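Here's a structure for you.
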Amino acid sequence: MRTTQFKVLEEVSLNNPIFIEALPGIGHVGKLAIDHVIDELDATKFVEIYSPYFPPQVLVGEGGIIEDMKNEMYYLKSAGADERDFIFLVGNCQGLSTEGQYELCGSVLDFVESLGAKELYTLGGLATGQPIEGVEGRVLGAATDEASIEMLKEADIEIRSADGGIVGASGLFLGLARLRGMAGFCLMGKTPGYFIDAEAAEAILQKLAILVKLEVSTEELEAKAEEIREMISQAQQMEQEMLSRAMGQQAPQQAQDDLRYIG
Amino acid sequence: MRTTQFKVLEEVSLNNPIFIEALPGIGHVGKLAIDHVIDELDATKFVEIYSPYFPPQVLVGEGGIIEDMKNEMYYLKSAGADERDFIFLVGNCQGLSTEGQYELCGSVLDFVESLGAKELYTLGGLATGQPIEGVEGRVLGAATDEASIEMLKEADIEIRSADGGIVGASGLFLGLARLRGMAGFCLMGKTPGYFIDAEAAEAILQKLAILVKLEVSTEELEAKAEEIREMISQAQQMEQEMLSRAMGQQAPQQAQDDLRYIG
Amino acid sequence: MRTTQFKVLEEVSLNNPIFIEALPGIGHVGKLAIDHVIDELDATKFVEIYSPYFPPQVLVGEGGIIEDMKNEMYYLKSAGADERDFIFLVGNCQGLSTEGQYELCGSVLDFVESLGAKELYTLGGLATGQPIEGVEGRVLGAATDEASIEMLKEADIEIRSADGGIVGASGLFLGLARLRGMAGFCLMGKTPGYFIDAEAAEAILQKLAILVKLEVSTEELEAKAEEIREMISQAQQMEQEMLSRAMGQQAPQQAQDDLRYIG
Amino acid sequence: MRTTQFKVLEEVSLNNPIFIEALPGIGHVGKLAIDHVIDELDATKFVEIYSPYFPPQVLVGEGGIIEDMKNEMYYLKSAGADERDFIFLVGNCQGLSTEGQYELCGSVLDFVESLGAKELYTLGGLATGQPIEGVEGRVLGAATDEASIEMLKEADIEIRSADGGIVGASGLFLGLARLRGMAGFCLMGKTPGYFIDAEAAEAILQKLAILVKLEVSTEELEAKAEEIREMISQAQQMEQEMLSRAMGQQAPQQAQDDLRYIG
């Protein structure tokens, strides 16, 4: 594989769809929220994306079946109070390199624009490094333009102003989208940042429900977060190995030796 | 976006313009100086540059409006005592990779040469790691050729000799420009290196005024520096998050877990 | 060299060959196992692979003869109880960059598919960080599909489930192979991870013997491991140098100085 | 500049020239030796090499004149006892990235092969991390083939056997050259590794004199080393700055702040 590949599973025709990005990031806030939406509202997967910019590895899934590093798109038709169409971008990774991020975000925007998308939401976590309680006041917003900021304010979303950056896909999608004349919103859920944060995901979903009229029960959210946490805890003991491999396919103690191995 | 893009906002015809580079660097010395010149002399923005070599992120600006990572060019016509034309290169970032730096600097030189530029100034800070007082004796110079060095000496600028390197755009522009037969000057303002240094910027501007006859009041410089400092201070608490994201889209505590997350 | 090069030493015609990957990794488990199989069963080298994604260096072999960084393919015809054909991929390194790993694994799959391969095994170590005794219960398996998992279970191989990733060539080959419709198995030998582990290699070979009916004596395995260990121990004293060079062609103490060297 | 550029200053016709590589590395051993040979024997510069794989910076030379990052080739005609032709490769840097190293070494080999070169010597330092006295027994050799090893032994050069790697241009040139059917030798001068080592350079030159019959007085070598050391010592105080810049164009204290700067 030498270029990013879009494997289109179903040709769909959508009407002015809203594009929502929720790739993995801090506290899994965006990913958790939209994985949940996809389950609850039974969205349909229609695209798989593979890329040489994704980590060169696979994951070991349930029952030992390997899982590729990939991004996926799901759609929903006539959903929510406004009967809008939706495209969701989820996955188990983001692009690794700077150029890879640009290439991937650009390719995805090409694709969703071809399906008629004119506005997008990017969802993510905002690490505070400190414990936070409850779902109230946990969402900060930013947007591509003044009118969009007004919409966030109407939804009672606190605006993050003149304050740092939005790094990775959640930021880059907004920037590249605006250059194409699309309107973009970023919802950031405050999270301590060091665990899978169901409350931040719930807070994000409450605000998204107001903005795009897409309501889902959030009861199952904590269960889903717990499920992920268990999976991660099982995996803990092999962490060191994975990191080592990633750093040159070897355990740290071997890394130097191997450099001089006569194969 | 797969290649660097020059978005030309206005087609301009310039007469033998002086090209001045002031991208962000140590102590924000060059950037602060030229952002100020642009404001004071009301230079006109005519080019925006976007690139897959810029950091894959956006910044959150005033009122929550996102700001793309970009470089910009401004022009001034018949300015200063000699009624020269000027092109200024400013921005919120430099290219991230080695090849990206070469591609970006080369592309900019192609562009400014096409507008008739034959000489350039690059501005930057020179970190001393120690407190420095006042604006006197704070500027060091280097250049592409002997004649240019003489001009720096005539402006009473101390020459930095046989001493280290000029890293990043300020250095690379000089090197690539000379290969094209352009004359280039580098003005470096000594700065402790750990804060936004208005005095070093003022020192640079005083010398630039002598060299290119472009005088500006520097009264507002300290206010501008203060403004930036406040913005940065507000942002401090989220620093950790941004760095974490940049290092793999995750908080450090999550980074290992996420590697094994089953999406 | 600007692209990956396959130097084909012999044109071979194979019948539905099994492809086995055993590039260097944790504890040298896979490499040690298959280097041994190649010796014992006298497999024939028929391809050498050179790539700009391999480390920019050479190794110093026996008698001072340099050894290129390379991957190699060997074949065996009508081998084992089922008289199957085999292709083995071994070498002294893996690709260094993300994109390089994708390019290399993709190119190798193109090649082995053109020779009729429809199934593959990837072999590696799984670092536990703790001492492990004996060869029993040391092999974990994962696979591309349910039917393959069943075959692993029939061979009494413990399945690694919902647990982390398989990083590097051993993982990526599985992922890319499945996208092409090939069936793939990964055998991971548990190893402390910090020495050349003959027992883990033996454990892998015992399971492989059941799966692909390719039996080899493992008596020589410990001797081979010892041989590698000695070679590495001789080399120990120059480790620091190699690492330094890799980090910019200089010893650490010189790295900063050299940056400013006037050549 | 988007590709490596060979600026040919003089078209030369050479007869079966010996190609000698001496780019900067540990202890500056190779570079110091050949810079000295070039001066002493008055070799003629005929090629300059510029590349986007070189560090994106310039150096500040004598009198403030900037110096590009570059490699250079010099030639000598009918030199030494055997009246052989020579090509020397020197410079102030090596390529930064893996792919860059391959591209550069490959391009140089294309060039010297086109001039008739069939054999090459690569010179470097071998860091021991410990003080070494005198010039005796300081040179280790490796080569591309058995016959070349014999030549090294005849010159009383200790062979480095089954022991680690030769990292960077000195190693890669040998590997790539052998793939083209060229014979290659590597001479490594043992050096503590943390200063400019004139004795190791002298040791290298003594052995080179035997091998290629190119004798030079080494009296000036220590003076040349001293000269470089002084230059470096003057530069010491700005080291921190350069490193910081290289790591993102900012002083370390500023790096985090700047990421969030609103430009």
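Order as written gives the chain letters A, B, C and D; numbering starts at 1 within each chain.
Please note the rule applied: a contact is a pair of C-beta atoms (placed from the backbone, for glycine too) under 8 Å apart; a residue touches a chain by one contact, two chains touch by 3 or more.
Molecules present, by chain and UniProt name: A, B, C, D = Proteasome assembly chaperone.
Note that the structure is predicted; figures quoted are calculated from it, not measured.
*Asks:* Which angle of rotation, from 0 to 180°, maps the CA atoms of chain C onto the equivalent atoms of chain D, to the nearest 5?
*Replies:* The two chains, chain C and chain D, differ by a rotation of 90 degrees.
*Asks:* Validating interface symmetry: for the copies chain A and chain C, is the fraction of residue numbers used by both over half? Same or different.
*Replies:* Chain A and chain C contact each other through largely non-matching residue numbers.
*Asks:* Tell me which chain's centre, taken as the mean of its C-alpha atoms, is farthest from chain A.
*Replies:* Of all chains, D has its centre farthest from that of chain A.
*Asks:* Could you give the separation in Å between the centres of chain A and chain C, each centre being the mean of its C-alpha atoms?
*Replies:* Going by mean C-alpha positions, chain A sits 33 Å from chain C.
*Asks:* Report the inter-chain centroid distance for chain A and chain D in whole angstrom, where each centroid is the mean of the CA atoms.
*Replies:* Chain centroid spacing, chain A to chain D, equals 47 Å.
*Asks:* Indicate the residues of chain B shared as contacts by at least two other chains.
*Replies:* 55, 59, 61-62, 162-165, 231, 235, 238-239, 242, 246, 259-260, 262
*Asks:* Mind listing the chain B positions that touch chain A in their complex?
*Replies:* On the chain B side, the touching residues are 1-2, 50, 52-66, 68-69, 96-97, 100, 231, 234-235, 237-242, 244-246, 249-251, 253-254, 256-263.
*Asks:* For a test of understanding, state which residues of chain D touch chain C in their complex under the given definition.
*Replies:* 23-28, 31, 35, 55, 59-62, 67, 90-95, 98-99, 101-103, 105-106, 126-129, 141-146, 149, 152, 159-169, 171-172, 174-176, 178-179, 184, 186, 193-195, 228, 231-232, 235-236, 238-239, 242-243, 246
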